[in-house]
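Here the structure comes first, spelled out in structure tokens, and everything after it is commentary.
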Amino acid sequence: MAYLGDPVLADDLLFRPQHSIIDQSLHAKLGGFATNGDGFGIGWYGSRPEPGVFKSTHPAWNDDNLREVAGHIRTPLLFAHVRASSGTPVQRSNCHPFRHGRWLWMHNGSLAMFPEVKRDLLTAVDESLYPKVEGSTDTETLFFLALTFGLVDDPPAAVARAVGLVEETGRRRGIEYPVHMTVATSDGQSIWVFRYSSEKSTSSLYYSSDVSQLRRLYPELDALDELGDDTRFIVSEPLRDLPGAWNEVPENSWAVVRRGEQEIHSFEPAGSARA
Amino acid sequence: MAYLGDPVLADDLLFRPQHSIIDQSLHAKLGGFATNGDGFGIGWYGSRPEPGVFKSTHPAWNDDNLREVAGHIRTPLLFAHVRASSGTPVQRSNCHPFRHGRWLWMHNGSLAMFPEVKRDLLTAVDESLYPKVEGSTDTETLFFLALTFGLVDDPPAAVARAVGLVEETGRRRGIEYPVHMTVATSDGQSIWVFRYSSEKSTSSLYYSSDVSQLRRLYPELDALDELGDDTRFIVSEPLRDLPGAWNEVPENSWAVVRRGEQEIHSFEPAGSARA
Amino acid sequence: MAYLGDPVLADDLLFRPQHSIIDQSLHAKLGGFATNGDGFGIGWYGSRPEPGVFKSTHPAWNDDNLREVAGHIRTPLLFAHVRASSGTPVQRSNCHPFRHGRWLWMHNGSLAMFPEVKRDLLTAVDESLYPKVEGSTDTETLFFLALTFGLVDDPPAAVARAVGLVEETGRRRGIEYPVHMTVATSDGQSIWVFRYSSEKSTSSLYYSSDVSQLRRLYPELDALDELGDDTRFIVSEPLRDLPGAWNEVPENSWAVVRRGEQEIHSFEPAGSARA
Amino acid sequence: MAYLGDPVLADDLLFRPQHSIIDQSLHAKLGGFATNGDGFGIGWYGSRPEPGVFKSTHPAWNDDNLREVAGHIRTPLLFAHVRASSGTPVQRSNCHPFRHGRWLWMHNGSLAMFPEVKRDLLTAVDESLYPKVEGSTDTETLFFLALTFGLVDDPPAAVARAVGLVEETGRRRGIEYPVHMTVATSDGQSIWVFRYSSEKSTSSLYYSSDVSQLRRLYPELDALDELGDDTRFIVSEPLRDLPGAWNEVPENSWAVVRRGEQEIHSFEPAGSARA
């Protein structure tokens, strides 16, 4: 889940039991909270350029400190992630979102047979970035590959090269479908999302329509009045109850949303030869 | 879940993925592991008269130390419990099973509106026992009431008086159905189980038939050969695949199982006036 | 440690390695961080009337979430506490500071032979407050006694009655010196501190002189320029390097500090008969 | 700390407050328990060829599960380690001892400027072993290098090559003293210890004299009668009170102790060119 809009309390996004579009968009995710118990994390932008992160291996609904802190964090851009481990240890350094400088990164999906390709991939990480890798997950590896290939300057191109490298490396090892991902990353101003899998069968990814449009569709929903016009939500599960409110990011695409703007493009991994 | 029989590795009872009666009896429970993330605990009898306990607020399937230890604990009597908090803090001192001297105690269900009656109930705990209460749960309070009323000497009578006191106290506060419980307790030799609720609508409770009988029913199940004749399992969910293997403890009853023996009796709370 | 003054980042108070008066006043405490590993906590007032709390059983210097959050909390009034357990379990619900409504409460010292008197003391807690007790410590019990006796309306009188009750109860049990305490409590505007022990031999307690006075004493200390005129620090250990900077709260006294004001009075427990 | 001798309860080695040689040998270490709060671990050999490990990021003296388990683990060979982090995250996968198959490995000291050389060193780990690396520490990296170079077949030669590689790699990066280590490793039968640093100034390392010899020296010490003749302790701090009881492993040496035997040899890193 990601939020971009007027500054709100993290509490309102994560825990408030009101019948708002916020609550509804989170409902599926909070259902997930109940069954994904391998850690969670939030990342948010505040008064500093570097985002804060709060991550824990306790289930989110058990973490009293998270509830406390959520009532004191006001932010225009929040990432929240619940982790279902695919085998790597359940420890704070493996929880999403990951951070480097101003950037946050989170991921659903996996790099297939990651233990087989981990060494090759980490060796491709830029030597100055390598010591910053803290955990042992595929997600963090993909993030550092994207950073290596220029995430800070051109996110779509950098992710294309990172994914291209993972596919080449995987196929050299006989892995048929090396990549399955929905990724969200941000510099504090914009959020880029990517939906791609080698198998062309990726988990879903949605972002909310602009709020003024929603207000026209649902004049009876008071909750929409409280949100700024530029509010965006990004979620992995569609919201059934509000047709027209959610736009699917198509298979093999990337999108960027920022205040008042959005773009969708097709996504294709870049071969390292072409890099 | 409780096991009574020949000494086995806790690992075999908790984690082994084999298609044995053990695995099947645990299947429902392990399903529960996936969704109950508010802590777990095991208690076991070893070479000392006092049982050991291992409890944690991490989900059981995430606890590497539990997996390690389970491979080194050999025991003839094991309790295992997964907790879904009903509001009290998620902390080790609130995880089941509870222990006092040689006794283990665990509980599914709840004392209704526990915060309203907690003070009255704790005040009724014997003064010498009171300082041993470590956590803040209804289950531990019920355990210490039973200890106060003579659990060590006559478990069914003591539990009857404890439940009687909870019902009187609750009703004085206008609580219609003060008690809902399935309890298991042991001194290391026998396991007593109780199934009772003020509303006469208690969660289910089962114990396994004796193994020799099961072998006659299911001669094709090799796994049954590995278990001693006196093996007993106690579970809260019935096992669908093996009709004849499980005996339900009826509503408003208590049972005791020990090696080679079992008894079932009706259970009735004892008024404190009669105490 | 407590801070009262212009809003600052908690980070600056807790972790900044600069040679400021802040750093120096914390130095002894941070030395304590290294050896007191039984949990810590902070409480702070932000934009809401209720303070936030962040508590953990991990040593403070290991808690990455605390470091993150400290960089995003701006507050005019912060409590910080490092716990050395006197026997009660090391769990979040036993960490200081404790909170009730707008009030924070923390404590160094102990109620002697607490397990012996715990039942009597908890029974004296107001019935409506009793269910709010979450942990099992002497400190939280003393806090709820003070709340029972009117902390919200008249802190010194309420603490006097709470301490009086503990002394009477203890002496009835043959405890010679029932109370040893330095307490700090706040409603978000003022901080009250108490220094008292039955034995008349209490741990030390200091508050900082007003900053304008310090500036006259130490014109060469640039760090003093960054602090508002009304800044107050409360610490348990004196600061040797800055004579004149710290005022000791005398044995058997209470003090209140708020912006621009301070008072010291003698403290005497109130007999419950007189209550 | 390591123990080799007749099977004893881990409890007796770690927590018993008796005035025995065991207690005394642990005293320095337990002093360390109080100030090293970055995690601890034990490893022990039981009925299986693979050792068990129990590791936690809570301080050892706070871990109730460790105390429980220690009373149920009987072992002839125990490793115990208290960690003071040198910068890598405080998480279970970074706690000692490390295990691979039948082998345990623990380490005091550090590889200088580890982040600078980590990539080169991990790249030298055998490709089949690489996916087994779970944490991010210098100690685990050194362990996997030793495994790569044949630890299972010839521990001293393998460690010599691993250390040689670290020194070569470090010096290529301009690191003057790349290695500072006291290492203990075991296959369940023998314990090998290594004391070496590039600077020739290594932390101390001691093993106990054989017990029959100690009995002659100290006939008045009853505690010595309880220990088997072949008992060995390995500690990093000398025991002042029992001159003659401890043998220092000299600078630049390795030793092996097993039941009834001990050898000391000089240690020299092996250049990879010679490998």
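Every chain is named by a letter (A, B, C and D) in the order it is written, and numbering of its residues begins at 1.
Operating definition for what follows: contacts are C-beta pairs under 8 Å (C-beta built on N, C-alpha and C of every residue); 3 or more make two chains touch, one makes a residue touch a chain.
Predicted, not measured: the structure shown is a model, and the values here were computed from it.
Novice: Have a look at where subunit A meets subunit C and say same if over half of the interface residue numbers show up on both copies, different if under half do.
Specialist: same
Novice: Does B-D or C-D have more contacting C-beta pairs?
Specialist: B-D
Novice: Subunit A and subunit B share one sequence, so how far apart are they rotationally when you fit their Cα atoms? Give it in degrees, rounded to a multiple of 5.
Specialist: About 180 degrees, rounded to the nearest 5.
Novice: Roughly how far is subunit B from subunit D, centre to centre by C-alpha average, rounded to an integer in Å?
Specialist: The separation of the two C-alpha centroids amounts to 41 Å.
Novice: Hey, how far is the Cα centre of subunit C from the one of subunit D, in Å?
Specialist: About 42 Å separates the centre of subunit C from that of subunit D.
Novice: Using the touch rule from the top of the page, what residues of subunit B touch 2 or more other chains?
Specialist: 64, 89, 92
Novice: In their shared complex, at which residues does subunit A touch subunit D?
Specialist: Result: residues 89, 91-93, 115-116, 118-119, 122-123, 127, 130-131, 133-136 of subunit A touch subunit D.
Novice: In the complex formed with subunit B, which residues of subunit D make contact?
Specialist: 44, 46-48, 52-56, 64-65, 68-69, 71-74, 92
Novice: Inside the complex, what are the residues of subunit D that reach subunit C?
Specialist: The touching residues are 34-35, 37-38, 57-59, 61-62, 64, 85, 89-90.
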